[in-house]
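Chains: A, B, C and D, in written order; residue numbering restarts at 1 for each.
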Amino acid sequence: METEVKVKLEKHNKQLENRGRLLVKCPDKPGIVSVLSTFLHNYDSNIIESSQYSSDPENGTFFIRIEYHCDHLAEKSANMEKDFEEIATTHSMDYEFAYPNERKRSAIFVSKEPHCLMELLWEWQNGDLDTDIVVVISNHEDARPFVEALGIPYYYIPANKDIRKQVEAEQIRLMEEYKVDLLILARYMQILTPDFVRHFENRIINIHHSFLPAFIGAGPYERAFERGVKLIGATSHYVTNNLDEGPIIEQDVERVNHRDDVTDLKKIGRKIERRVLAKAVKWHLENRIIVQDNKTIVFH
Amino acid sequence: METEVKVKLEKHNKQLENRGRLLVKCPDKPGIVSVLSTFLHNYDSNIIESSQYSSDPENGTFFIRIEYHCDHLAEKSANMEKDFEEIATTHSMDYEFAYPNERKRSAIFVSKEPHCLMELLWEWQNGDLDTDIVVVISNHEDARPFVEALGIPYYYIPANKDIRKQVEAEQIRLMEEYKVDLLILARYMQILTPDFVRHFENRIINIHHSFLPAFIGAGPYERAFERGVKLIGATSHYVTNNLDEGPIIEQDVERVNHRDDVTDLKKIGRKIERRVLAKAVKWHLENRIIVQDNKTIVFH
Amino acid sequence: METEVKVKLEKHNKQLENRGRLLVKCPDKPGIVSVLSTFLHNYDSNIIESSQYSSDPENGTFFIRIEYHCDHLAEKSANMEKDFEEIATTHSMDYEFAYPNERKRSAIFVSKEPHCLMELLWEWQNGDLDTDIVVVISNHEDARPFVEALGIPYYYIPANKDIRKQVEAEQIRLMEEYKVDLLILARYMQILTPDFVRHFENRIINIHHSFLPAFIGAGPYERAFERGVKLIGATSHYVTNNLDEGPIIEQDVERVNHRDDVTDLKKIGRKIERRVLAKAVKWHLENRIIVQDNKTIVFH
Amino acid sequence: METEVKVKLEKHNKQLENRGRLLVKCPDKPGIVSVLSTFLHNYDSNIIESSQYSSDPENGTFFIRIEYHCDHLAEKSANMEKDFEEIATTHSMDYEFAYPNERKRSAIFVSKEPHCLMELLWEWQNGDLDTDIVVVISNHEDARPFVEALGIPYYYIPANKDIRKQVEAEQIRLMEEYKVDLLILARYMQILTPDFVRHFENRIINIHHSFLPAFIGAGPYERAFERGVKLIGATSHYVTNNLDEGPIIEQDVERVNHRDDVTDLKKIGRKIERRVLAKAVKWHLENRIIVQDNKTIVFH
């Protein structure tokens, strides 16, 4: 079995070498798929996966994510991208080419509770997150041992609202030093300023410990207990300047009952948080998410 | 198989004849279970099912629901209830004796959308709701045919906010005429006045078409769509004078995605609404719900 | 809201008039999507939805379902289909053109338990099943009243294993008389012979009252109870000559516990059965299912 | 928050000191609850939680689990247990007294895949498993580093069917040396002999990587893929001498589709396996499980 998995993984990594992704957003009209697929075919690319969505077949916006295989892609991609410019102009396309073997570089911010961080590290060790985790930053020392044990640099930066400005300056410096593409807030319990968020638009993923928009803000489990809900949830979303109001990527819930006190809700909630955050991160890394009008289109 | 079910049902109905339920709420202290079980044993009752909950073992409130079998219960119950008064006084108990073969009388209010009404009628025909549905009231004529086909009286009472007072007077009159114990709002889209609600404290069950406290008030599916949530829900609750803020009985959710427009959300939502309301009604009829501090204890 | 829904529905029906679906299965190689999308574009068709799957990017089989809009489709479709033949030959394609406004004709077979039948009728009345239910056949009289109330012909054909041959002859005659495209076994408790099944390959959908392959055959709830499982399930599948072994379309489960006896399992199971069957029927009617090697590819 | 949790935990541990559990199984008849609750009350015990089940109110078997608080329990328990003997004899009771502060001693057996082991260690570090994990035994070296990092002894015992007898002798010796109460098979991929199992009746918990009784035996994910199921599952159960046929404790499932190959099924399956095993272990440690006729009664 073990061997089968390894052979499979090697095959998978080999395939990634010649794998490309094209994401397009443009005004909907007949012929777009034809244009795109013919373009790819002209470069001997084989479409492996294709997902599309139109907000409205008449006068709507069209979105498509194509994953393709192309032999010798590394040698061809610059030309392909250049050639595509004319198509994009003609059809008023916003677009992005992505190459899964150019792994995104992720940073994780965490406070005291390590469960979300641990889940991400675990998925990453399993080969289920196609990213390099290049740095972990925390306002506590707790998680240092098992982060450093994996060879990942760990920075302890104490934080509170009085020193927010200098803390964020230091964090941004590290983000730049480590060339971070994606910032994951794995239960990082400090508010980020608009200035910080502006540096990483649609590149910060947060986990909020409630089923948004219920219980926006602080103390969601305490308030869920107070309200007597029968399900609790968690929400992963991109961070914007409106607290807990950014585009939702994924949500899930678990059943609770009158016997569960706030401590129980937190325990149950941790299981939801970790899986909901891991899914969002995975989809982001696989270029499966398009943000539109404070909502997400997720092609999974 | 059919025969097996019938024999089973007859056996079940026969058992109900001598079946009693005792619900108690009192300050928690050692010996309460002993007092109650000894009391029942002295009347040759056999405890069939017992569920309890203590808000806090030290100085908390104790809740218990006991279902018991007692031969010749009809002849004994008056004496039992009288004898129990002293126990209740000694231990500062709030309590209720209920007898499942004295079926509760239910009224259903409905507007245009019939799915919740249909589900309740369906469960009722299956013998899964131990109640007599004695009257259906609607501000539309749509549901009349299939309600009357089941031999249930149907009243059409047009309603809007200008005539609310006289409408409610007529509704209350009908509730009294039909000796209604439980009022089920099966997607009845009119607001009830505090005066009306006061007549039926903890006896009106509503279905709200969102996962409360998200999307309180009107247009929850429209607002869920707008927010881009990845799950939608429904909530059954007792009606109080605070709109959509009464004690929650049951909630459930279904997964949605970016392809689902408002019409799709409503379709998916109907499936959640009907099952969430049916569960709440069933538990109420089986005396499984205790309301405490705007929350519910549900022994199921 | 009501008005909005109607406007939406009319718009939807209008759109269906010019809506086509193309399903293709062929050896995978680069350029297939380009060929198909260019073909459709040449007929001024706009691709509304497209889903594809490749069993293996190298030397695998490629499957695609395209839904497109095309003005004046009715006038063009014959030519389109003719023109497509050459493409199909070139690329060794199995394919099917379908037109949603040519509604499929469905027959429902039912025995005593009506819950699956009722759910289908309910979805159909809501406009959620794009089919004409042209006939209901049963070996019991129970369901006649509410089927005929909807204007659907109802045939009572007593059945048992001794008269199977003549029963099936009569059933096949009716299927032909009513030009039935899809046969739905909504808890029809008689075994069908290979001869009967051969008439309707991949056009008979059954609901089995277990989570297949657990509890193949008779008495699944009794056996689930005996085994002490903690979840029970239901499975919708195409009928083949191997009992309960046909391609699975959809499955779902519900939680049960030690308190649930066989009667309880059946009650809980009915809720699973009706939703699992309704989903399978809906997907079939929308041409979302491709059968391959006794498995299904479901594009939903 | 942190402080709140700690205070809560200390309070919880303090409560455990004087916490007892009484599990009883006996022929059902009126008065049992009265006898038990009066017995406990006579020792000034307060019933915290009580769950009961009767297989059949007439001539059935009665099961009850009572959790109680009793000041100075350690000094009283020997007397209580002695006094209880007469009651037990009178009512033909099988029974067990358990004291949560006498933590059970657990051993974990694991092979190559560490996810179930990791989940158990994680829950244990969180204080969610009331046990001492006293030893881990594996037929591989892989898990040694993170087990020993937690201060838990790790034994590498190579195993295959040719040396089974001596391997099991060594394992039994270690079980005795470490005074193991519970043996958890966290994806231990070796078959145990009847002789081994006999040593630990109803004290070995296994996780099987399928929704039993579907896919009993080897290669369940391969066979699930082959059959084309739409859900995959996992099952935790007590080990008996009939492979994969012991009393089921817990089961759960996840949705899969035609895109998921065997490797995907295994990845998804791991998430199910780890949570299903952790629940079973937790319930066992809390004395919530009674085995009866190859089924489990789980009071949770």
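Just so it is clear, a residue touches a chain if its C-beta (ideal position, glycine included) is under 8 Å from a C-beta of that chain, and two chains touch if they have at least 3 such contacts.
What you see is a predicted model; the values in this text were computed from it and never measured.
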>> Can you check which chain pair, A-C or B-C, has more C-beta pairs in contact?
In response: A-C
> Measuring between mean CA coordinates, which chain is farthest from chain A?
Replying inline: B
> Which of these, A-D, A-B or B-D, makes the same contacts as C-D in over half of the contact pairs?
Replying inline: A-B
>> Suppose each chain is reduced to the average of its Cα coordinates; what separation in Å results between chain B and chain C?
In response: 37
> Residues of chain B that touch two or more other chains: which are they?
Replying inline: none
> Inside the complex, what are the residues of chain C that reach chain D?
Replying inline: 53, 211-215, 227-231, 233, 247-253, 257-259, 294-298
>> Taking the touch rule as given, give the residues of chain D at its contact with chain A in the complex, in rising order.
In response: 2, 5, 8, 112, 118, 122, 126, 128, 263, 266-267, 271, 275
>> Taking the touch rule as given, give the residues of chain C at its contact with chain A in the complex, in rising order.
In response: 15, 28-34, 37-38, 40-41, 44-52, 54, 57, 69
